[in-house]
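Below, each structure is written out as structure tokens.
In what follows, subunit A forms one complex with subunit B and a second complex with subunit C.
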Partner chain A sequence: MKNDNSMAWMLVLPALILLCIVGVVPLLAVFNYSFFDIFTLQDRFWVGLEWYGDLVGTPELYHALGRSVLFTCVILAVQFPLGIAIALLLPQQTYTSSFFLIVLAVPLVVPWNMIPIIWLNLINPDYGLIGYGIKAIGWDFDYKFNALHTWILIVLMDTWHWVGLVAILAYSGLSSIPQAYLQAAAIDSASKWQVFRFIQLPKIKGVLMMGLLLRVMDSLMIYTEAFTINAGGPEGATSFLSLELGEEIGGFDYGPAAARSVLYFLLVLVVAWIFQLSLRRQNEKEA
Partner chain B sequence: MDWMAWTWPTAIFFIVIASILVTFTILAIKFPEAPRVGILRIETTRGDRLFITLLGSAFINLAWLGVVGANQPFALVVCLVYAAAVFRWV
Partner chain C sequence: MMNVLRLIGLFGVLVFILGPLVQSFLLSLIVTFPHEGFVKGDWTLLNYRNVFRDPELLASLGNSLIYVSLNVVLTLLVALPAAYAVSRYRFVGDKHLLLLLLAFRITPPVVLSLPIFLLFAKLNLLNTPVGIAVVHCLFNVPVAIWILSSFINAVPRAFDETAFLDGHSRMGFFVKLLIPAIVPGIGVSCFFCFIFSWVEVVFARILTSTGGKPVTMAIQNLFGFQTDIGLVMAMTVISLLPGLALIYFVRNHISKGFQLRG
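Moving on, here comes the complex of A and B:
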């Protein structure tokens, strides 16, 4: 009997068309713009590979890339242990756990442009709660002119914003572990660390990988928060990849901005490919 | 299509990429291939190796621009050698 499954392709077609409109077509246009000195479509001049040559030939790109990678590493090192610890401390499957989950989710729904404003108010020494605390301990906190302080503030703000996501994902993974595993561990008198290391951590690895992918992508494209705090300063110390791109778009340099976008797209492809490989390897191990 | 600022060089570039993708899709349907493990110690099909080739070629071209200058035909030769190596050993 003929196995006719062409209907499945028909059902996928609307999604494919939508993906083409919102993904492929703008990407092709941006690629085309990257070969022009372009202000409006009528005022464009072919420059070939000039923008790409300028971009890869200047050290600023590599500095911004280094800062972005460092920022991603720092926030992953802070947010994942913290998020997992919060998830482990949450009560399992009770009414109170729902309350705590809602509290954890609140920062996730705050508009991104509001978050730096909230934090700038919080650290204000005249009327901010954290600002009062900093003044009380005598710390000369200067996020405008001290690069380390700006970094601390941005990492703190990002952690407040996103640690809830890691905690919720880890909690969902922990909730799905069958009780039989934990009972068997209790019979064997396993310590809390052993239960975490050999039962809980392997079981939540899948959801943590998803969280890792989301956090890596989000942290690489941090813009609104970092720009509002110090506009990439002091002296470019917090000028991440996305801020450099934003600066070019803001200056109507659409040609160089398009070349930069294509380069970032290639970098994101590499990151996504590595994640896909690790997910595939993990699935093979589990199978 | 004027809003997309098409030119012949970019059109030819995308036509070549699209033709390669179509060719490899037809190859995958007509001559299905079992994945193999190469020097990267990962399982790859022809499609995976094509992806690695295209992505790597993009970075080779960018590196060529930064190190040597805008002389892309030579970079293309390096890309072809790289492609042959990927399809042989990855």
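Moving on, here comes the complex of A and C:
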């Protein structure tokens, strides 16, 4: 690799300027608001760290964080094994696999605010396809008032939405494995599990990292879909981090909302940093 | 035996992914709302006709197409040189830059929605597709840089050096040689920019409160005291078409180009 600082920075500059406008400047503004009690933007009072104190000092924040982390763990535990399994099912480089890649990508292009609507329609006991099924087996499914059922619905919906991304990424890793590796394994009469464990899994680790990062953050901060399903209910059982923030902004509590935003951004930064470290370690191991 | 299991598995995937959409598609073909001369519950193309008769829905399709295309162009313009730098050079601060990219990609839009609204009000970018196009760069530029740089990594370094020896300027090399060499990567970047931008709701809502609404918000507006769910589903089905077309074009490349550098 060459060292050529000025040239490299020249090339990066346009992207950096754009990101400053849409990222850095708004972040600084949020940081600034978080120290004020804001009635209108002209009419505001310095309150120092009061909002931060309120946030950190009450248990609600930790409960919401706990719910979000649990949700993320469930999502990862469901979507990664499932996505990898789907990728392993697909035949390599044929019309069938192209067809399935297209099918898997379809939920990704559905507008996010329509995804909960589609699912609420599906489980509607009067005309939903799944609703009929639930009624037929006599299951007392109540996503409005039963917390477990709300969770099942949101996890199912999120899996439908995103498992395709995991599968596509895993498939892309699998198709980069040279045939010779698999032939050598066949000669050594390796079992399916051994092939997966020692050849396929190491090869798809890199792309899965990207999927992991996207899924961790998007599920940790899930907003639109979860809110439309049950507005955080029943009794706050699905009130995740972003939902609480959305509520504050909706209620025009800009000061506390800004303080919360700053905390969330710090959380994002920590996750990104941990992720970068592990990525670098992995790359060094390969090099 | 193995093949039977595989077929069952693939069939299961098909049902799980497409099943939920089947109902939406069916609803879009049924009269679900009292319209003159139609019986509720009948099969019809009325909902689709109504979409094309509603100037607001048509305008929203236009708005969405405009902002997504603008966003893709803008993203590629800034991401291409940056991806080249990330792929070919080690420079002071490159690790911080990558961390910043990661952080911005995963920052939830809700966190920035309020200051973005105020900033864009000052810049006169409210209620226009341009505003959405710019703000979506927040998460699309990082994604595009990752994808493009992994495609550039696959181009051997000698390719650049030969071109410079042959007397190509840097600009000439970029346009005439490098870009044609990574066309699949550009396609894949477009696809991912599209899927994160077309479907985004939080920024789109806050930036278009009174006009310039994109498809997502136009659909949202159809909900009210009495909702014509057939019309909603028809609009949803139409909103899938551009995405499906794009998936079709990049289907053979979609599975390449995701190696991250830390």
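Just so it is clear, the second predicted complex is superposed on the first by the 280 of 287 C-alpha atoms of A that agree within 3 Å, B and C clash if a C-alpha of one lies under 4 Å from a C-alpha of the other, contacts with A are read in each partner's own complex, and residues count from 1 in each chain.
Everything below uses one rule, namely that a residue touches a chain if its C-beta (ideal position, glycine included) is under 8 Å from a C-beta of that chain, and two chains touch if they have at least 3 such contacts.
Please read these numbers as outputs of a predicted model, since none were measured by experiment.
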item: Touching partner for A:G57 - first (subunit B), second (subunit C), both, neither; value: first
item: Which of subunit B and subunit C A:Y132 touches, first, second, both or neither; value: neither
item: Which of subunit B and subunit C A:I168 touches, first, second, both or neither; value: second
item: Which superposed partner A:V25 touches (first subunit B, second subunit C, both, neither); value: both
item: Subunit C versus subunit B, contacts on subunit A by residue; value: C
item: Which of subunit B and subunit C A:L49 touches, first, second, both or neither; value: first
item: Contacts of A:A15 with subunit B and subunit C, given as first, second, both or neither; value: second
item: Partner chain(s) touched by A:W273 [first = subunit B, second = subunit C, both, neither]; value: both
item: Subunit B versus subunit C as contact partner of A:Y33, first or second or both or neither; value: both
item: Residues of subunit A contacting subunit B in one complex and subunit C in the other; value: 25, 29, 33, 41, 269, 273, 277, 280-281
item: Subunit B to subunit A touching residues, read off their complex; value: 2-7, 9-10, 14, 42-43, 51, 55, 58-59, 62-63, 65-66, 69-70, 72
item: In the complex, subunit C residues that touch subunit A; value: 6, 9-10, 13-14, 16-24, 27, 74, 77-79, 81-82, 84-86, 88-95, 97-116, 118-119, 134-135, 137-138, 141, 145-146, 194-195, 198-202, 215-216, 219-220, 229, 232, 236, 239-240, 242-244, 246-248, 251-252, 254-262
item: Complex interface listing, subunit A residues touching subunit C; value: 1-5, 7-12, 14-16, 18-19, 21-23, 25-27, 29-30, 33, 41, 85-86, 89-90, 96, 98, 100-114, 117-119, 121-122, 128-129, 160, 164, 168-169, 171-173, 175-176, 206-207, 209-210, 213-214, 217-218, 221, 223-224, 242, 245-246, 249, 254, 257-258, 261, 264-265, 268-269, 271-273, 275-283
item: Subunit A residues within the subunit B interface of the complex; value: 25, 28-29, 31-33, 35-36, 38, 41, 44, 46, 48-50, 52-53, 56-57, 263, 266, 269-270, 273, 277, 280-281
